[in-house]
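I've put the structures underneath this note.
There are two complexes below, and they share chain A, which is joined by chain B in the first and by chain C in the second.
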Partner chain A sequence: MLGGDASQALKKNHHHHRKHASVLITTTRHRAFEGKMYGDIANKLVVEAKRTQSLEQLTVFQDELVRSIIKETKDLAKALETMEDDDEDRSKLCHQFVAHLAMRRNKRALLLYEKLRAEKLDQMVWENKELEVGNHHELEYFKSYSEVLIDYKSEFPDVDLTGSLEPPTDVFIDVRVLKDAGEIQTEYGVFNLTKDSQFFVRKADVERLIQQGYLQLIT
Partner chain B sequence: MEFDDILEEFERETRSHKYNEVEVKRSDFQELQNAWISERMCPELLDYKQSLIDRILSRIRVQIEFIEMNSIELQTTERDIKLQLMIIESELDRVNFILRSYLRTRLSKVDKFTIFIRNDEDLVQRLSPAETQYMESHFRALIDLYNSLFLSQLPEQLQALDDTGGGISMIEEPDLDRPVFVKVINDTIETIVIGEEEIDLIPGSIYLIRYSAVQRFVYNQDVLLI
Partner chain C sequence: MYISRGNFSKVFDDIKRTSMSHSTCKLIIFVACLNVDALCASKILTNVLRKEIIQYQLIPIVGYSDLKTHYDRLDGDITNIVLLGCGAMVDLESFFDIDPNDFVDKDNQNLDGTFTSSRSIYVIDGHKPWNLDNIFGSHIIKCLDDGYIDRELDREKEAYATLIKLQEDEEEEDSDDGEFDSEESENENDVVNGLEEDEDEELTSSQEKKRKAIQETKQRKRQMKEQERLVEQYYATGMTITVSVSLQVYTMLSEIGETNTDNLWFTIIGTISLDNLYPDVYRMSFEALKAEVTRLSPTDLGLSKNADSSQLSVDTDYYLFLLRHWTLYDSFFYSNYVNAKLSIWSEEGRKRLHKMFARMGISLQDSKQNWLYMDTNIKKNLNVTFNKVLGFFGLDDLIREGFVRTYGFRGTLSASECVESISALLEHNKASTTNTDDEETDINELISLKEKAWIENFWSSWDALDNIDKINKGLEYAKEFQKAVFNTGMAVLEKRLLKTLKIYHLVVLRDGPDYEMFRNPLILIRLGNWILESCAESNKTLLPLVLAALDESTDTFLVVGLAPRYPRGRKNLEDIDQNTTLLNTFSVAFQQVAGTTGAKVRIDSFESSIIEIRKEDFQPFLEKLALSGLV
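Entry: the complex of A and B
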C-alpha cells in the first residue's frame, strides 16, 4: 500500500543511499555532522526492518532510532527554513537538494519499518495470537484491527475465515493432546482433552487448538 | 437485481422444479470455483459476486442445520446416516475452503491497494459493503498508528501518505501487464494487437498473455483466468 511493497522499498532505499553519498561529500564541509551522514540512522532502521522480516515473532520497537530519525528530519527542516533561496549559489542549491532527499528518505524508512510491523500485527490477529512486545500505540492498533476483523467476520457466521488456507484433505483426523485443554463439545460428542491422550476428531472442530499448540496432528 | 439474476429467476420458474434445483446448485458451485480461481490469478481486484455468495451461504446454512439435527439422533438410535453426514461434512469443508480463500484473497488485495482503490469510485464499487467497511476501518487504524508514532511529528510537507512526487509514488498499484493464463470461452470477435503482433483468440484454447490485453474479456467472461 504505502509506496510499493516492502522488498521494492528496501531496494529503492539502498539505491538512493548510494546515489546521495557522492553528493554528500561536498556538503559535509559546510556542516560537520559528527562525522556521520544524513540518513545513516534511517539506514539502521531499514536494516533492522529487513532483519526482522524473516522472523516469526514481532521484535522490540526501536524507540530510540525512530526518535533520532524524527529529530534529524526536524533539524533538516529547520535548517532549510533559515536558509535563504538563492538561485545563483550552486553549493547552497545542492545543500537544499540533499536536505530534501534526506528528509524524504527518512520518512520512507519510518513508514517501511512500521508498515512491516503492522503487517506482522495483522497476521497475529488472524492467527489469534497474543501481543507480547510492541509499544502502546501498536497495542491500540492491534485492538482496532481485531475489532475490524470481528465486524467483517460477523458477515459470514458459517464460514471459518481464520481456518487453514491449505486445501482440505481429511474431514476426520487423529490428534494427540500436548497440553491439557479441558473439555470440548462437538456434534460428535464431548472430548476430555487431557495431556498425552489421543482422539479421532473432526478437523474443523480442533483446528484452532492445533494452531495454539494444544494438539498435535498424528499422520 | 442484475440482468443475470432476472434470467435465472425466470428459468427457475419455468423449468421443472426438481431438475432445475440440482442444475442451479451445480452451476453455482462451478461459478464459485471460477470466481475463486479468477480472483487468485488476477492482478487487480475483480467485482464481488454478491448474489452468488449469498446463495452459497444460504445453502451452507441448510447443510449445517441438517448435520446438527441428525447428529443428535446419531447418538441415540439412527446409525445409517453416519456415512451421509461424513459426505456432507467433506463437501462443506471444501466449499468452506474455497469461500475462505476467495474472501481472504480479496482482503489481501484490498489491504495492498487501499489508497489506489479509494482514489477511484469505480474500484470502490467492486467491493462488497463489508469489504468497504473493512477497508475504511483498517485504513483509519493504520493512519492513526503512523500518526501517533512519527508522522504527525514530521514537518508538515512530509505528512502525506499518497505522495507521488520525487520519482517514487507512495501509492501501490496492481501490475496490469503481468502475464496470466487464460482459457477462451466465447468467440471474442475482436483481434488483440500487441506491438506488431495480432492475436486471434480461438475458443477452447489456452493462452499465456499479459493481463491488460485481455482485461475487458475477463470482465465480460469471454475468457476465464486459469
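Entry: the complex of A and C
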C-alpha cells in the first residue's frame, strides 16, 4: 500500500492536473463541466453502454451525454487552434498532447457506444423483436437491416435461420388441474380443464395457466 | 369386441396413431379411484405415453355416476378413451348413450366397405363376468382380454350370436307378417267374389303356411328362451377378478418392448394388491413376474449396494405386517395370517404367541424393538429360527417368496409393504372432522365431500408411488388402520357381533371407538378380510360375509359383501379342488333384492358388491336377502 508520503504526493499531482485542466477550460470560456477531468463524460457513456449490454431491450439514446462529449471535443479542438505553435515551449507542447489524447478518447467512447447499439439492433432483428426506443437514425438502420436479413433468408427457404439455436427441453410436461376452468383455447386447440385430472401436454400451451394458478406442475 | 393377448401391440399402435396430433389431447384415461391395481396400471400406462410424447388427460373416477358425468363433458374430437379397472361389467354403449353412427369415420373406409369408428373405448379391467354386449356386440368398445373369453365363454358367445340373429329374424318376420295379413285379406275378397273352385286349394296352402309359421315362431321362442337362460345363468354366477389390470397393461408393454424395472415394480404392486381378496390372481401370475424380475434385474453381478441402486429382487417375504418397518412382535401380532392361525384376538391366542417367541429364543423385550435396531444376530438367524419353530404352531406358510425393491441407502421395501402403504394413503381421511358439527348439510353434499377426499387421496397415492418418503408416511397410516381393524375385529368376535345365518355371516357395526373410519369402503373391506380369515380357520363352512357400517351423518349403511375364503396355506390347498374359484355372488343378489324391496339403495361403486342403503330400509333389505336364496 502507499505510504503517507506517497499518497500525499499523488494527491498533489492530482490537484495539479485539475488546476491544469481548469486553466484550459477557462481559456475557452466554457465552464459547463468545470472541476471535472477530460473524458469524465465519455466515461459515463462507456459505463452506460456496459450497463445496457446485458439488458434485453435497447435503452433510450443518451442524447445529452453524446452532445456534451461532442461539445467537449469541439471546444478542445478550438482551444488547440487558437494556441500558437511553439516548439520551444515545452509546457505548451504538453498542453497540446493532453488535449489530443482527450479528444481521441472521446471519439473512441462515442464509437464504442454506437457500435454496441448497432450490435444490439442487429441482434434484435435476428430475434424478431420490435424496436421500441431509438432515435431516427437507429430506426432507419433497424429497418434496412431487417430488409437485408429478409433478403438473405429468402435464399434459404427451407431453413429457419432466425430460429432458436438452443435445443428445447421439457417440451411436454405433467400438470394437475387445481381449479375448474372450463374450456381453454390454446394455439393448437381446446382443452377441457376439469378439476382433479392430470394432463400431459405441451409446455407452451399451459405456461400461462400455471402462472395463473389453475394448474400445478408435477415433476 | 375383444382383443386377446398377442394383439395388444396393435392396440397401442392404434392409440398412438390416432392420438398423435398437433391439436389438443385426444386421449382420455379414466381410472377407478379406490383401487391400487388400477392406480398402478395408470402409472405404467402414462409412463409409456410420456415416452412416446402422446398427450393425455387422466381422470380418477369414484363411481358409475361420476364416470357418466365426466364422459358427457368430453369434447367431440376425443378419439380414444381408456377405462382402467372399471367398465367391464356394464353395457357401456347404452350406459354412455352412444349411437355408433355418431362416430363413423367417413375418411377412413375399410376394404369391405364399412367405416371404422372415429372413437374407441378401450376397457382394461379384471372384473368378471364380462358384459356380453361389450365383448361380442359393440365395435366401439374394445376389451382387452387375458384369454378368458376364448377359454371359457364359447357357449355364451354362441348363445349371444343366436340371440342377436333371432331378434333380427323376428323383426324381419314382423314386417313379413304384415304382408301375410294383407294377402289373407285378399284371399277373403276372392272368397266373397265367389271364385269357389280355387278356394279349397288356396285355403289349404295358406293354412299350411300359417301352421308352418306358427311352428317356426314357437320353435324360435323356445330356442330364444334357452339361450336367454344360458346368458342369464352366465351373469348370475357371481363376480370375481381373474387378472390384474396392471398385468394386462404390462403385457401390452412387453409386446411393444417397453418394459423396465419401474413398470415391473408397479405391476407387481398392482397384482399383489389383489392378493387379499382374490388370492388366485397373484398365485397364477407369480411365476411370470418372478421370471421378469430375474430378466430385468440380474442380481449376481457383484454390484455392491450404492446410493443410486433401485434394484428389484426376489427375496423371502412373510405373512407378517410391515416387518421391516415395525417391531417383530407387532408385525406378528397384527398380521392377519398369524391372527387367523393362532386366534390372537383371544386371551389364549396371545399366550400362544408369547410361547412361540419363547420357543424361538427371542425375548419379548428384543421382539418389541424397532426392526432397524433389533439385535442383528436374531435378524440373521430369523429364517432358521422360523423354520424350526413355526411348524409346531401351524404357521408353516408364514414364509413365502416375495419381491423387494432397494431405494439406494434410503431403505428397502417389499411389494406387500408398499401395497399396505399405498392403500392406507387411499383410505386416509383428512377431512372427517371438519363437517360433523354442521347438521344441516345435505346428504348429496356430504357424499360429494367424501368423494372429493377420495380423489385427493388418489393423487397423494399417485405421488407416493415413486417417492419413498411419502410411502413411509403411508406406512404410518397403515399401522394405525391395522390397529383399528384389529381392535374392531376383536370387539366383533368377543361381543359375538358376528351372526351366522343360514347362507351368510353378518356383521353390523353401529358404534365403537373407530367406527367412523369404516365409512371408507377400503377400510371396511380390510376389516371384512380380517374377519373372513379368522372365520376360515375357525369353522370350515364356506360362508360369505355381509359387513355393514352405519354412517350417522348421512343416515346410511355402507354394505360390503365378500366371497368366502379358503384357509391359507399349501396343505389346505391340496385338500380342496383348486379349480373352483370362490365367486362373489352379492353383486347380483344386492341388485335383485334392492329391486324387489324398493329400498333406497345407491349402487355406484365399481365393486358391485359395495352398496349404500338408507338406515330405515336396511332391516327389510337384510330379511329379503336372507330369504332370497340368491347367495
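Operating definition for what follows: the second predicted complex is superposed on the first by the 133 of 219 C-alpha atoms of A that agree within 3 Å, B and C clash if a C-alpha of one lies under 4 Å from a C-alpha of the other, contacts with A are read in each partner's own complex, and residues count from 1 in each chain.
By our rule, contacts are C-beta pairs under 8 Å (C-beta built on N, C-alpha and C of every residue); 3 or more make two chains touch, one makes a residue touch a chain.
A quick note: this is a predicted structure, and the numbers were derived from the prediction, not measured.
With both structures placed on the common chain, the touch criterion links A:Arg202 to chain B and to chain C.
Chain A is touched at more residues by one of its partners, and among chain B and chain C that partner is B.
In the superposition on chain A, no contact is made by A:Gln53 with either chain B or chain C. When the shared chain is aligned, no partner comes close enough to touch A:Ser91: not chain B, not chain C.
Touch criterion met: A:Asn192 reaches chain C, while chain B stays clear of it.
In the superposed pair of complexes, A:Leu111 makes contact with chain B only, with no contact to chain C. Contacts of A:Pro168 after superposition: chain B is touched, whereas chain C is not reached.
Contacts of A:Gln123 after superposition on the shared chain: neither chain B nor chain C is touched. When the two complexes are laid over each other on chain A, chain A has residues 171-172, 188-189, 202 in contact with both chain B and chain C. Listing the residues of chain C that touch chain A in their complex gives 22-25, 46, 49-50, 53-60, 70, 73-75, 452, 455-456, 459, 462-463. Every residue of chain A that touches chain B in the complex is listed here, in rising order: 1-5, 12, 66, 69-70, 73-74, 77, 101, 103-104, 107-108, 110-111, 114, 118, 122, 135, 137-138, 140-141, 144-145, 147-148, 151-152, 155-156, 158-161, 163-165, 167-168, 171-172, 187-189, 202-204.
Chain A makes touch with chain C in their complex at residues 171-172, 174, 176, 186, 188-192, 194, 196-202, 205, 218. Residue ranges on chain B touching chain A, taken from their complex, read 57, 60-61, 64, 67-68, 71, 74-75, 86, 89-90, 93-94, 96-97, 99-101, 103-104, 107, 111-115, 130-131, 133-134, 137-138, 140-142, 144-146, 148-151, 153-155, 158, 161, 166, 168-172.
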